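Letters A, B, C, D, E and F name the chains as they come in the text, with residue numbers starting at 1 for each one.
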Amino acid sequence: MDIVALIQANILTPVVLFFILGIVAARIKSDLRIPEAISEFLPIYLLAAIGLHGGLEMRKTGFESMLVPLLVAVALSILMTLYHYQILHRLGKFNIFDSYALASTYGAVGAVTFSVGLSFLKSQGIESEGYIAAILATLEPIAFILAIFLTNMAVSKQMRTKKEPFVKNDLDKPVSGEEFGIALEQSKTKLLTVLRESITGKAIIILLGSIFIGYVIGEHGFAPIKIVFEDMFIAGIVIFLIEMGIIAGQRLDDIKKGGAFLIGFALAVPTINGLIGVLIATYLELSVGGAVMYGLLFASASFIAAPAVLRHTIPQAKPSLYITSALGITFPYIIIILLPVMLMVSTALHNMDAINLMGIFDQVLQ
Amino acid sequence: MKLFDVKLLTITCEILAQKNVLDILGKYNVSGYTLYEVEGDGSKGIRGQGFKNDKNVKIEVLLHQDKVEQIAEEIARTLFSDYAIILYVTDVNVLRPEKFS
Amino acid sequence: MDIVALIQANILTPVVLFFILGIVAARIKSDLRIPEAISEFLPIYLLAAIGLHGGLEMRKTGFESMLVPLLVAVALSILMTLYHYQILHRLGKFNIFDSYALASTYGAVGAVTFSVGLSFLKSQGIESEGYIAAILATLEPIAFILAIFLTNMAVSKQMRTKKEPFVKNDLDKPVSGEEFGIALEQSKTKLLTVLRESITGKAIIILLGSIFIGYVIGEHGFAPIKIVFEDMFIAGIVIFLIEMGIIAGQRLDDIKKGGAFLIGFALAVPTINGLIGVLIATYLELSVGGAVMYGLLFASASFIAAPAVLRHTIPQAKPSLYITSALGITFPYIIIILLPVMLMVSTALHNMDAINLMGIFDQVLQ
Amino acid sequence: MKLFDVKLLTITCEILAQKNVLDILGKYNVSGYTLYEVEGDGSKGIRGQGFKNDKNVKIEVLLHQDKVEQIAEEIARTLFSDYAIILYVTDVNVLRPEKFS
Amino acid sequence: MKLFDVKLLTITCEILAQKNVLDILGKYNVSGYTLYEVEGDGSKGIRGQGFKNDKNVKIEVLLHQDKVEQIAEEIARTLFSDYAIILYVTDVNVLRPEKFS
Amino acid sequence: MDIVALIQANILTPVVLFFILGIVAARIKSDLRIPEAISEFLPIYLLAAIGLHGGLEMRKTGFESMLVPLLVAVALSILMTLYHYQILHRLGKFNIFDSYALASTYGAVGAVTFSVGLSFLKSQGIESEGYIAAILATLEPIAFILAIFLTNMAVSKQMRTKKEPFVKNDLDKPVSGEEFGIALEQSKTKLLTVLRESITGKAIIILLGSIFIGYVIGEHGFAPIKIVFEDMFIAGIVIFLIEMGIIAGQRLDDIKKGGAFLIGFALAVPTINGLIGVLIATYLELSVGGAVMYGLLFASASFIAAPAVLRHTIPQAKPSLYITSALGITFPYIIIILLPVMLMVSTALHNMDAINLMGIFDQVLQ
């Protein structure tokens, strides 16, 4: 199947179509909404399902082979966050706060995108390594720790240059030396708090917990809950994506505010990151599907977990920028176009000799 | 039955600033507070129609006159510039003034 | 099976029994309730399931044959709304606001009743034409447009006669000529808004969207979500009907306020409308099940969508009247008695020569 | 820290009148509002136990004295007769009076 | 447009005391009330994070001065010792004083 | 399988592991929560499923054999509540209010525990008598009526001794004779209200209603809703137990406040009550699984329904005591350890001659 046909086939799936329905509903100002309790429950459900599935797979295949891909993923996600920042600040002329916030949004992993990736592969009848769910869980706090680190640096730098006090002051009182010290102290405490909060965040807890439980109970223990945590998985995504479509649709107007540069960033960077991921995964001998999911870790941007952390760590950054580009541009682009493209590339790479990989690398990036 | 004068401090802010506000209240040892989720519109635009974190929260504290000023001042200084937030103060009467120190 | 046995069998289904359980719970003032988020989600779910099912059927059978039944349905629903008004205003002595409101409540289609009808046929192993879901979607705004039109007429008429100003005024200031003009202007703007709102209403959007998606994805694309959007359909109705029973039960006392005439109206009109629908559908060569569903379009009254629109278009009308009669009398009557009766009639009609239809028509109406 | 006098206009009405109220607020260019769903009892009976549309909504607006009268008058004139609705006005103090025009 | 003085009585209590409060309001024939679920903190600890029955409810009643005292007194007498509960009174202005008797 | 292996196997089930995950999440102060609407809906769902299942079983096996076990259960639950009180007040030195509240908490039945019991047996492939669900429904109000009765007695006694007035008074006014009479009158009215409320409580209504519906519709009528009300049962418990784990975890600190005596009570009393139940059920010729479920009626403590009633009937008692011990100690102990133990004992008893039962009784209790 050629790439156009694959994209077309991908569009005509319930997951993508209900997402588009949500966008349409929002654009024509329909009052369609998924009730809050349901759309808060669904991410928990999806992460539990992903975790259980990952744990079950790891029980079958072991997880010794996971170490290298995991370490590489951590390194990659740090590197990428740093290069995102350079692009955004240097080329895009975003201020440091917005640049750091956007950099870590795209350095983090989108759990919803990951779910859609799994359902995409499932509908193609392709398997992937279960331990990638565990890598997902590891990368979550990594991206946040990085965001915390970067802000910390930015704040100290700013404070040293004294150009713009960290604690902005509407009341026009000058910042005294003592207040400065207190502010510095507070910022450290705040960062520790955020660090702790991000590790105990519900996404990580339910994901790691479910991986562990899946590993421990095995297929036999999983059987009585399989109907809900496996068979209903894609329908769960469908319902959730109606709501994501609605929110994305509501935010489409904000995209213009971000400007052409941000739109370009939100399309190009995930493509590059994703393909790098696929390439490396193939080199690390992951399966065709595993390479797609590995690439997705880097392609995806976080639009649920990241904003909650960033609002605390970098309150000066505009949330409309990072939520809108991640949910309004990158997410639809990935689930409609990039996923099939990555699958295509992964399949092609897996059909070649490992020896030729470096040559392909050049080819893909052009 | 005698009623006593206290102040009711109301803060309406984005939900992600709730912790910051409660931390400040804790610092001043308020004896209690009441909070609930709300929607709203203001200078930072309509809030409450997307993700749960896009909602607002309204926090109400009964307390003595003297504390009100300090707390309002600290909230204004540390949170007004970065968050969607408003605050206002109302005169109210209570039965047990010692409860709202 | 004779009609009494069929009704008895129909009562002894989970759908009907859980509805009755809800009524009982409300009557004995139990605190049983389905949480709001669930009971707001279920209509969306049910409409999505109905739409997907309809779309899948239309893909199989085409929708060319749908045009005539659709146009006839639109004409019928307008005619019926008009005759409801005459009955209510002339015979029932309801004021014009209540008459218009009730007339359009019974001219509109009840989506929940429609769901129960589908599940009733399913439990009897009878199929129906998929395009009836599309007719349902078309009739929704029709009934509302009509309600808007009728009010518009009523308001202008009233304003001309000046007996009772449209904008009632508690503050006892006389209505000046200028204010009159503004009011007229406002009423038009309001009507346009309501028109737009009813077309973009969540029920229509999710229904039309799902029909389209069902049509596009086909059985193959539907397979991974079939478990939720088909297999769980009847259980979804069961849970929703507990809540509907509770609300109906809470409102039973209001029925008395409506008076005997309204009770008679709420029983007789759906019966007549429904049987006319079955007869015409048979004449239009719909299947046995299709004729029942077609009849149900006219028999049913809307108690979720209609009230929301009517409260805006005809705020002067008493919602207790139209919600209570639609949900408290007509709905139970239809799902317990009229559905089996319509199936009986439809089966009988389909076993006869088309030539004899007009003779039957007389017979049925007596 | 100086506090300034403004008014808090509170409207509690059936949810289907929310749009009407917000339209009136918009007409008078209020700078913001806060709203949340509530239940209640009044002359139109108990509200909030059936369908979602049977609930009430409470809308709160901080604004200057002069606008309050006009808005309250328009709400009373256009909505009091047909909807379940009440309104009341409270004196409150704020830090940034220019924010609530 | 004239505004009239009435009182706003606010009771914030644990949800399981709601019925007790409403019974007292009923006894004094108040013409209506508004209520909604809230969370809170106070002398009985943080409330609203576990079971639904661990939440609080806030009940607001517009009524005349004379009734306020009696009702507040009865609530204080019968409920203050056993339940998580506070109450306070605010001065407000309404259009239709006869509605809030 | 020996008892240690059975307990181990029981821990490694999704139901128990997700409960523990909830506890862990709460202990590390994660923000993981199941949205309120879901966790309010799940008990209704679980009770409907239990009821339907019970009704279906009773249709198959009849319910004549239910009378003796039912009457014995009522008697036992009254006796046990009384002996709980003696232990708590005499030995534990709790005040009368806390003693009565705790006594009836442990005299009542925990519906959630009952659900877990059913799923435990299901996972072991063991059946149980359907009518035990009906006994569960009967015991619910019994325990409450008893709580009402006991408080009534306590109040009158206190009033007579005049040591501590029932209506405590912060405002330091002496209680007049007239007020005393009014208070007495009020307390009776209150008790009647509570009695009515507990019988019409949602748990009983949905349970009794579902038993009736299950009985009436039979397997054939149940078929279309079986997927939700039977196949998804264990997954429903899993999701609910995440939330129960979280709430239990939040309350763990309160356990210390209860003191060592209460911890001992919360472990020993359920063990004794449960084993007595198993023994008697075996004597009454219930099946192996039936005896476990029968024992569970007495072992379990109510932590959802009971607190709501007790807060009204005995407002002077500290809810932290009875909720915390029932949910934080007894519930985990039962679902992890006591259930396998009861199954072991029941199996052993059923493998013996009925003649030897009394000998066993001694053995078990040591």
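In this text, a residue touches a chain if its C-beta (ideal position, glycine included) is under 8 Å from a C-beta of that chain, and two chains touch if they have at least 3 such contacts.
All figures in this text were calculated on a predicted structure; none of them were measured in a lab.
K.L.:
Give me the set of chains touching subunit C intersected with the set touching subunit E.
P.N.:
D, F
K.L.:
By CA centroid distance, what chain is farthest from subunit B?
P.N.:
C
K.L.:
Approximately how many whole Å separate the CA-defined centres of subunit D and subunit E?
P.N.:
20
K.L.:
With centres defined as the mean C-alpha position, give me the subunit C-subunit D separation in Å.
P.N.:
That gives a centre separation of 34 Å.
K.L.:
Centre to centre, by mean C-alpha position, how many angstrom separate subunit A and subunit D?
P.N.:
Centre-to-centre distance between subunit A and subunit D: 41 Å.
K.L.:
Quick check: what residues of subunit C touch more than one other chain, meaning two or more?
P.N.:
Each of 35-38, 40, 227 in subunit C touches at least two other chains.
K.L.:
What residues in subunit D touch two or more of the other chains?
P.N.:
36, 73, 76, 80, 90-91
K.L.:
Throw together a list of every chain pair that touches.
P.N.:
A-B, A-C, A-F, B-D, B-E, C-D, C-F, D-E, E-F
K.L.:
With touch defined as at the start, can you tell me which subunit E residues reach subunit D in the complex?
P.N.:
Its residues touching subunit D are 1, 3, 6, 8, 31-36, 62, 90-96, 99-100.
K.L.:
Using the touch rule from the top, collect the residues of subunit A that touch subunit F in their complex.
P.N.:
Residues 35-38, 40-41, 44-45, 197, 200-202, 205-206, 209-210, 212-213, 216-217, 221-222, 224-225, 227-229.
K.L.:
Using the touch definition up top, name the residues of subunit C that touch subunit D in the complex.
P.N.:
36, 40, 167-171, 173, 247, 250-251, 304, 307-308, 311-312, 315-316, 323
K.L.:
Can you name the residues of subunit D that touch subunit C in the complex?
P.N.:
Going by the criterion above, the answer is residues 14, 16, 19, 49-53, 73, 76-78, 80-83.
K.L.:
How about subunit F: which of its residues touch subunit A in the complex?
P.N.:
Spelled out, the residues of subunit F in touch with subunit A are 12-14, 17-18, 21, 24-25, 28-38, 119, 122-123, 227, 231-232, 234-236, 238-239.
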